[in-house]
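Alright, structures below, take your time with them.
Each of the next two complexes has chain A plus one other chain: chain B in the first, chain C in the second.
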Partner chain A sequence: MPHLVSRQRGLREWRLYLLIVPSLLLVGTFVLLPAVNGIYHSFSDWDGTRAQQLVGLDNFRRAFQDTILWNSFETVSILVVFNLFKMIPSILLAVLIHRLRSDRWQYAYRALMVVPMIIPGLVTLFVWKSFFDPNLGLLNRVLDLTGLKWALVSLDQRVFHWGVFFPHVPVGWLTQPELILPSLFIWGFPWIGTVGVLIYLAGLQSISQEIYEAAELDGVGSFGKFLYIELPLILTQVRLNLLLLIIATLQGYGLQLLLLGESGGPAGKGMVPGLWMYNRAFIAGEFGYACSIGMILFGFILALTIVNNRYVRVAK
Partner chain B sequence: MNDHRQLAGQDRDWAKHLIIWCFVVIELLPLYLMLQGSVKDNADFLRSPWLPIVPRSWHWENWAFAFRLVLPYITNTLFVAVFSSAASLAFSIMAAYFFARYQMPFSRMLWSAFLALMLLPSVANIVPLFVLLKHLSLLNSLWALIIVGAASGQIFNVYVLRNFIEDLPRDLFEAAEIDGATHLQQIVNIVIPMSAPIIGTLSILAFLSQWNDFLLPLIVLRDRSSFTLGVGLIYLDGEYVKQWGQIMAAYFIASLPLIVIFLFSMRLFVRGLSAGAVKG
Partner chain C sequence: MARVVIENLVKTYPEARGPAVRAVNNVCLTIEDGEFMVLVGPSGCGKSTTLRMIAGLEEISGGTVAIDGKVVNHVLPKDRDIAMVFQNYALYPHLSVYDNLAFGLKLRKFSKVEIDLRVREAAALLGLDPYLARKPKALSGGQRQRVAVGRAIVRQPKVFLFDEPLSNLDAKMRVSTRAEISKLHRQLGVTMIYVTHDQIEAMTMGDRICVMRDGLVMQVAAPLTLYNCPGNLFVAGFIGSPPMNLIRGTIQPAQDALQFVETSPASSPATITLNSALAARAAAYTRQPVVFGIRPEDLHDARTFPPGSQGATINTRVDYSEPMGAETLLYLNTGATSLIARARPTDRFEPGQQVEMTCNLENAHLFDPATELVI
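And then the complex of A and B:
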């Protein structure tokens, strides 16, 4: 516990406050001020210069009728579902590594998990983008080599009639509107977050061998062990990751911006709310409207955070 | 301890090893492709995108080209990342010391304000932040990235460091006080050496987030000479005719500084991560 300082001594020790001044100034100017400014300007018609005009709720009324914004929320909810699904491989991998009987191998794999981290996330983004290239990209090569392309084409022509896959035409992953969402799903396969795996492993470490032995005596199967022993122990981390992931997906637009450009790709299929805000502000110069889109997103995320803090209390 | 189990279980684990290796191999695929692709020209790429080609026909000029292209970006990014992480850590250590050691009048209020700010989602900030930087005439300047970088990591760092400093043995501080050490001396001589692992981890995190950032640089930087890696690679990716070999070499060079840092700090980082996970 911090040392309690009385009001009088506090006055004498005023120099202590100097320690917090730089921090407060930085946070006040570059975090708090923009936030307040954003709230204010979401009610104004603003082109980013000093000239501005308060327009009341006009921006929000416009947002309510903005079909692009509605569609972008639909897209982002699909992406959230995708990303929830993409959490599974990391959990599985952590459990697999943890269940190895050899401590030495466990350690080796843990070290191996660090290796992908040395590639900056930025570079990974670009390398993955190159995978989607129709002519030279890896994805189409794999499809051709494994014959999956042929399977997709025949599925398309005989069963589903998507009109997306054709023989002898390279698949345009990022140019076909119908393929944008599937591309965003395939993105990052096999969806291992190595940091996540390490965190789960740390949580799993508290399980002693005796618990496994007891479970084996009771005839608990492999899946039962996962459900009753392993999952409860990493539930804290899983929940935390879940929340962080949902928030990051809701407000993220860097991936879409890099992959598809500032208008969300062909037919705007990859448009997410954050990207639409970016687009309105920096492409159309409608800073006021962009601020109100930001506020709407902000409201959603704040609500999620509050709900999480209040109701999803993690038992310690 | 479980030697006998190891022997008994080794042969039953091969399926697990196989699955794990599949994951690992696919996960490392980008690294491999980057390396072997960086010495090919487009014709080689079309012929065999997978396998490395014979060393005799390696195109080293890809690397020379990429190096010339990326080096200024790397210098700019290093400048931004080093200064912003250093400033961020220095200020947050001071603030964390303030909160952890003394409960001054208004401390509690300030702390609640900090916590409330931590809950604020940052997405809505970028538009007003851009305008603020414009009014401060910081557009097209690397200092904008440094200042914003130092500010944005502040709250999280203070939060983590406060908990850490509160756990340091109080006797040390009292002894130092009796010897007449000022607060800054206490920070430099006690707090920093004793919380080196957590400071190291936080610095690496701050450094990484600067290295990978492209959203703010993209709207702040205009001139090619001030580009950081994020913007530079976006422009490289946008070229009309792509020389994949050169691009791959550029990507790999862009990762090199991080590889060097990780070689030196991997242990610390993994330990910090695991410890933090158990504690939280």
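And then the complex of A and C:
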């Protein structure tokens, strides 16, 4: 009797829906409501107080003529490309750990990967800020001690004529406009993303030992195993990391805020959309305009995610 | 085409505590050119380890493996000119069937034309043509195993190694793939070494079978030789399904003959008067313990035992019977020993029923319980 079955199932589902109501309420109140609120405010001239007026598309019209905003999108695009390069060390490290013969060491390294997670991100940022310090920072000292500084100065003066590196003058990593982007690239060296490594490792561990052995019989060498087996088989994980990374880069501005300040450093070279949104809201008090920047950013990320899902296909 | 000679092969695994474990212990085995050799034995008997040492996937702790007269102990797996089929197929999941087949050849820098030729040839041989563009995930277990076999074929190796290739297939698929591999061996005529724990696979496929236990070779012989003339108790019990009945007892003199008397707490133990052939062999064991072996098909209902044959009758009680259709398996009890007999499907037996069973002494075996060797 199909009717009876479907009624029973309906009843069961009805109870299940009831179970998710509390979490739905919480998510609704603290996540969805502010987001919807943001959409509403993006059409207003809200300045953070109660008084506000709907201004239609004014905020968006303004945004399209806002050169700082578009420059910040350019900057963030460059950062995304940087971060693509920064994925490589994590993949290599994951493969190296995976190839360790001793299970015990493999476990130890995996555990070691988790340790950095207990350090708050803010602390890491402060540590890096101190690294970049012209006089006391680790970076300049390493450059001096290794002679790399000398090499940079020679390159600057004889080949490229950047006008950035001078003998006996400490490099102002975060104060010279030309060095802002390179600094943001260097940041996080050697670019080991611990979560990334663990995600790759999970993918690598699902490759059966027999596949490695079959490859060995086929005559695949050590690098060949990486190229023909490991890399293709963790592409799903790489894609996931890629997506997370792009979204994080597009949204993020904590790094820029902390290293460069609320105006994006000298000449605004480090200005990213998120920071500009923050700047407009909390420095200029233009909350309505900040909301519209947020909406534009949202659209941007959504579009990229769709593209990523559709075109960066990986066989599962 | 190659002859594989294994001499005193040893594999030891270091143990954290205690002495090293010898997984393979002084194995000597010669596999002739074009022969289908099956390594069979229970789990942990060292058969897979032996195969993996031949493949070069395990380091050899002692002894030598020679392929075509050349010792390959220190030759890389890829340079041994062998191909292996794994239990879990080990196909590259991200490559299509075609690319799976072509992969090894591409790495060996074969020309595109040659690769295509060989892949298509193997695909035709294995009936894989319609699936060349598919990924392994879109194939059934049997098809995947065929791809794995195909990957070995395209390489045209000297020796094929199979490591329990049918274990992951369902029963029906196993039977048909078994036949396919046998057919392939006839077509290609190459040396094949095949590891299995399934004695039916071993019996049906092998030119010769090497039975192993605890890292030792128990017996190497043609399938029927193993079945009819097992060299020791282990082979007698391992080969054959249901296995050979083994009755413990002693040899006693009786008038002008020798008798096998079952060791039993019962007042009237099973007693078998040996025929002249068995008696000649048992003479040296008078009043000593032996094991009497009789296959289920050589244990007949006394009423239907063909007259004129050399038989000895024992009294048994029926525990239960299993009608299999073509035959009925009869589980019997002498009071001290459980026995299995093959009975005709038309015969009816009730649990608890007393039955007289006659052993066909022409096919009976005697074993020394101390050395476990056949007498």
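Going forward, the second predicted complex is superposed on the first by the 277 of 316 C-alpha atoms of A that agree within 3 Å, B and C clash if a C-alpha of one lies under 4 Å from a C-alpha of the other, contacts with A are read in each partner's own complex, and residues count from 1 in each chain.
Here is the rule we go by: contacts are C-beta pairs under 8 Å (C-beta built on N, C-alpha and C of every residue); 3 or more make two chains touch, one makes a residue touch a chain.
For clarity, every value in this text was computed on a predicted model and none was experimentally measured.
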| item | value |
| --- | --- |
| Fit or clash - chain C, chain B, common chain A | fit |
| Which superposed partner A:159 touches (first chain B, second chain C, both, neither) | neither |
| Touched partner set for A:110, first chain B, second chain C, both or neither | first |
| First, second, both or neither for A:258, with chain B first and chain C second | first |
| Of chain C and chain B, partner touching more chain A residues | B |
| Chain B versus chain C as contact partner of A:232, first or second or both or neither | second |
| Centroid geometry (CA): angle chain B/chain A/chain C, rounded to a multiple of 10 degrees | 80 |
| First (chain B), second (chain C), both or neither touched by A:224 | second |
| Which of chain B and chain C A:297 touches, first, second, both or neither | first |
| Partner chain(s) touched by A:214 [first = chain B, second = chain C, both, neither] | second |
| Superposed arrangement (fit on chain A Cα atoms) - minimum chain B/chain C Cα distance in Å | 5 |
| Where chain A meets both chain C and chain B, residue numbers | none |
| Complex contacts: residues of chain B adjacent to chain A | 2, 5-6, 8-10, 12-13, 16-17, 19-20, 22-24, 26-28, 30-31, 33-34, 42, 45-46, 49-50, 91-92, 94-95, 97-105, 107, 110, 114, 117, 119-132, 134, 147-148, 150-152, 154-155, 158, 166, 183, 208, 211-212, 214-215, 219, 229-230, 233-234, 237, 244, 247, 251, 254-255, 258-259, 262, 266, 269-270, 273-275, 277-278, 280 |
| Of all residues in chain A, those that touch chain B in their complex | 1-5, 7, 10, 13, 15-17, 19-20, 22-24, 26-27, 29-35, 37-38, 41, 48, 89, 93, 96-97, 99-103, 105, 109-112, 114-124, 126-130, 135-136, 138, 141, 189-190, 192, 194-195, 198-199, 201-203, 205-206, 209, 236-237, 240, 247, 250-251, 254, 257-258, 274, 277-278, 281-282, 287, 290-291, 294-295, 297-298, 301-302, 305-306, 309 |
| Chain C residues touching chain A - in the complex, by the definition given at the top | 55-57, 77-79, 82-84, 86-94, 103-104, 107-108, 135, 151 |
| Touch list for chain A against partner chain C, complex | 208, 210-211, 213-220, 224, 228-229, 232-233, 235, 315 |
